[in-house]
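Heads up, the next two complexes both have chain A, just with different partners, chain B and then chain C.
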Partner chain A sequence: MRSGLSRAEIQPRVRDLVTRLYQNIPTGIGKGRTDLRLNRQELTQVLTQGAAWAVEKGMGYEEDVGFLEENGCIEGARPDLVSDRAYQRGRNQLGSLGSGNHFAEIQYVAEIYDEAAAAALGLFQDQVTLTIHSGSRGLGHQVCSDHLRVMVEAAARYGIELPDRQLCCAPLQSPEGRDYLGAMSAAANFAFANRQVMTHWARESFMQALSLGPSQAGLTVVYDVCHNIAKFETFEIEGRRRRLCVHRKGATRAYPPGHPQTPEAYREVGQPVLIPGDMGRYSYVLVGTERAYRETFGSTCHGAGRRLSRRQAKKQARGRKLLDELEREGVVVMAAGMATVAEEMPEAYKDVSAVVDVVEGAGISRQVAQLKPIGVIKG
Partner chain B sequence: MAYRFIEHTADMGVEIEGTSFESLLSEGLLALTDTLTEVERVNLELELPIDLIAPSREDLLVEWLSEIVYLFETKSVLLRQTDLEVEAEGGGWRLRGTVRGERYDPDRHEIKTLIKAVTYHQLRVKSSTTGWSARVIFDL
Partner chain C sequence: MHIEQIDEFRWRIPKRGKMRVEGLVFASAEMMGEMRQDPCLQQVVNVAHLPGIVGTSMAMPDIHWGYGFPIGGVAAMDGKNGVVSPGGVGYDIN
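Up next, the complex of A and B:
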């Protein structure tokens, strides 16, 4: 999200802002907010409608959904194929960040590489931005676990040899394949709604911490991209338009300028691609390219990738005061658990600038701006 | 301690050993709870029944540990002690028994790492003359 605020305007209030975000957006262990508890019928609506459900409940603006991949809703979701267990796990988790590498981060635009593209994306030097990284939470994982069981058995039946059982699969058109796509789409819709709810609470946090009205805080959605999803998209292959199932795992969609699925406001520059780095250095905003559309089914990288395992990171963090270190670097961090901060410390990740240089060099996305963190909440 | 954590870049791997398959499952529980929190700080205040069925021992190990993740997430319970019995049933394996622990208390139980799922990735269960060993990877 972009704001109408500059870094200087919020600098004295960063700690208040982070505190508000931390109070308003549950992190860490499962539970969402007690003022958002869903019954089964409501959760079914979430799984069917995605982000629009939250907007309809007053959490967000109608224009938000136009800036979400697939407009924040995958068609063909089958909540009836989502197990009771997944419902149980998801029931109290809507509007919660989770743990691990999930985060909400206040940043500022540190560098602009393409003035025209930045202007089209509504980004300017020193502008305050906010990124939320979270997904379908326990509900999505339960959908995965439930269908893995089915797929392990199905793979054997379809004569598919598996190098690793976690890679179990079934043909897309098989009953098992279709069922999984329906359930996964429902989980994706949960993720869209989850981020939409947190978007709303992030806006409230800005208003509360900075004593601003909604229009002054002015947090508007730049874009929302998935990085772990399979869905049907249309491509031209050898002169024929074909509907393909594209699976992006640790990869992000990067549609080119002019693509009908790229929001109209960005039609001339391409779909925004958000590449998070680590909480100490920087993240990047890129745009998709024609070459990505031709060569990588409209896809680019997702993030930095780990350099150290979680255990190695924890070992290296021992005896250090990571929160103080980060604060000295100008980043206020609040986290549910210090172990997560250690696992996620900047050195645990590769330098994301090297990663975005590679994808730009390969021509599958173009750098627009660099964002530097100033406040982070984590699970 | 009959389990040890192994290096895995993005996730957490664990190797476990047991003199019987049941004790292997118990050690798996300890490893999982040790990943979540300081396992020795989990008191024994409540008991839950367990009844699971799976087509193979490998699957049963994943089912069992997945059940613990599910119970933590939906019932807020941390678990560490078991009384389990595994029997062959209908071409597969059935696990019955009880598991003990206590309700998660944020003031006493610092969460180290949350586990999203128990995976089949590099899953291995082996028996030998001295007992059972296994490797399992948690998705964090």
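Up next, the complex of A and C:
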């Protein structure tokens, strides 16, 4: 999201802002807010409608959904194929960040590499931005577990030879394949709604901490992308239209300029791609390219990639005051658990700038802006 | 593993055995040096075996080991004859 505020305007209030975010957006492995508990029928609506459900409930603006991948809703979701256990896990977790690498981060635009593209995305130097990184929480995890079990048997039944059991799969046109896609799409819609709810609470946090009205705090959605998904997309390759199921696992869609699914406002520059780095250094805003469309089915990288395992990171963090270290670097961090901060410390990640240099060098994305963190909440 | 450099940021893993398509890895020479020690490149090869895979089995420069498919992997499957795999999405759906 982008704001109308500059870094200097919020600098004295960063701690208040982070505190508000931390109070308003639940973090960690547990439950969401007690004022958002869903019954089965409501959760079914979430799984069917995605982000639009939250907007309909007053959490967000109608124009938000036009800036979400697939408009915040995958068609063909089948809540009836989501298990009771997954429902159970999802009921109390809508509007929660989770743990691990998930975060919400206040940033500022530190560098602009492409003035015209930045202007199209509404970004300017020193502007305050906010990024939310979260997914489908326990519900999605359960959907994956449930269907892995089915797929191991299905692969054998359909005589699919696999070099590794973990690649278990089923034909797209088989009942098992269709069922997984239906349930996975429902989980994806939960993730869209989850981020939409947190978007709303982030806006409220800005208003509360900075004593601003909604239009002044004005957090506008720049874009929302998926990182872990398989979905049908149609490509025009060498004059042929092909409908493909693109698996992107830790990868981001990066559609080129002119693509009909790219919001009209960005049609000339391409679909925005958000690449989080680590909480000490920087993140990037990129746009998709024609070359990505032709070569990688409109896909690019998704982040920094770990350098240290979680265990190694915790070992290296022992005895250190990470929150103080980060604050000296100009980043206020609040987290549910210090173990997560240790696992997620900047040195645990590779330098994301090396990653985006490769995708730009290869021509599958273009760099637009670099964002630096000011305040972070984590699980 | 046999890997050929295509250009500054592209590496090809040629087809062998029952691979249906080639592997294509986006990385700098330095990153490739590190990746060679990592089982994630074997995962790129494994994904290339899946029925209906189109184009190449791809890896982005932030690739690392994941359940079945590498994290940082992209694979497009033919809509009619291809397969879908939960490992190609992972646990953290969306």
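The rule we apply is simple: the second predicted complex is superposed on the first by the 375 of 379 C-alpha atoms of A that agree within 3 Å, B and C clash if a C-alpha of one lies under 4 Å from a C-alpha of the other, contacts with A are read in each partner's own complex, and residues count from 1 in each chain.
The rule is short, and it goes like this: a contact is a pair of C-beta atoms (placed from the backbone, for glycine too) under 8 Å apart; a residue touches a chain by one contact, two chains touch by 3 or more.
Worth saying up front: this structure is predicted, and the values here are computed from it rather than measured.
K.L.:
Report the partner of chain A that touches more of its residues: chain B or chain C.
P.N.:
Answer, by number of touched residues of chain A: C.
K.L.:
Would you check which partner chain A:343 touches, where first means chain B only, second means chain C only, and both and neither mean what they say?
P.N.:
first
K.L.:
For A:334, using the defined touch cut-off, is the partner it touches chain B, chain C, both, or neither? Pick first, second, both or neither.
P.N.:
neither
K.L.:
In the superposed arrangement, does A:28 touch chain B (first), chain C (second), both or neither?
P.N.:
first
K.L.:
Touch check for A:148: first (chain B), second (chain C), both, or neither?
P.N.:
Both: A:148 reaches chain B and chain C.
K.L.:
Kindly classify A:243 by the partners it touches after superposition: chain B alone (first), chain C alone (second), both, or neither?
P.N.:
The answer is second: A:243 touches chain C but not chain B.
K.L.:
Looking at A:99 after the superposition, I want to know if it touches chain B, chain C, both of them or none. Which is it: first, second, both, neither?
P.N.:
So A:99 only meets chain B here.
K.L.:
Using the touch definition from the top, say if A:171 reaches chain B (first), chain C (second), both or neither.
P.N.:
So A:171 only meets chain C here.
K.L.:
State whether A:310 touches chain B only (first), chain C only (second), both chains, or neither.
P.N.:
first
K.L.:
Please write out, lowest number first, the residues of chain A touched by both chain B and chain C across the two complexes.
P.N.:
On chain A, the residues that contact chain B in one structure and chain C in the other are 100, 141, 144-145, 148, 164, 166, 168, 306.
K.L.:
Of all residues in chain B, which touch chain A in the complex?
P.N.:
The contact residues of chain B facing chain A are 5, 7-12, 55, 58-59, 66, 70, 73-74, 76, 104, 106, 110-114, 116-123, 139-140.
K.L.:
For chain C, which residues are in contact with chain A within the complex?
P.N.:
7-10, 18, 26-28, 30-31, 43, 45-47, 49-52, 54-55, 58, 60-64, 66-94
K.L.:
So in the complex, the part of chain A that touches chain C is made up of which residues?
P.N.:
Within the complex, chain A touches chain C at residues 100, 135-136, 140-141, 143-145, 147-148, 151, 160-164, 166-173, 177, 180-181, 184, 187-188, 190-192, 226-230, 232, 242-251, 295-297, 299-306, 350, 352, 354-355, 357-359, 361-362, 364.
K.L.:
Which residues of chain A touch chain B in the complex?
P.N.:
Within the complex, chain A touches chain B at residues 28-30, 85, 88-89, 98-100, 138, 141-142, 144-145, 148-149, 152-153, 164-166, 168, 306, 309-312, 336-340, 343, 379.
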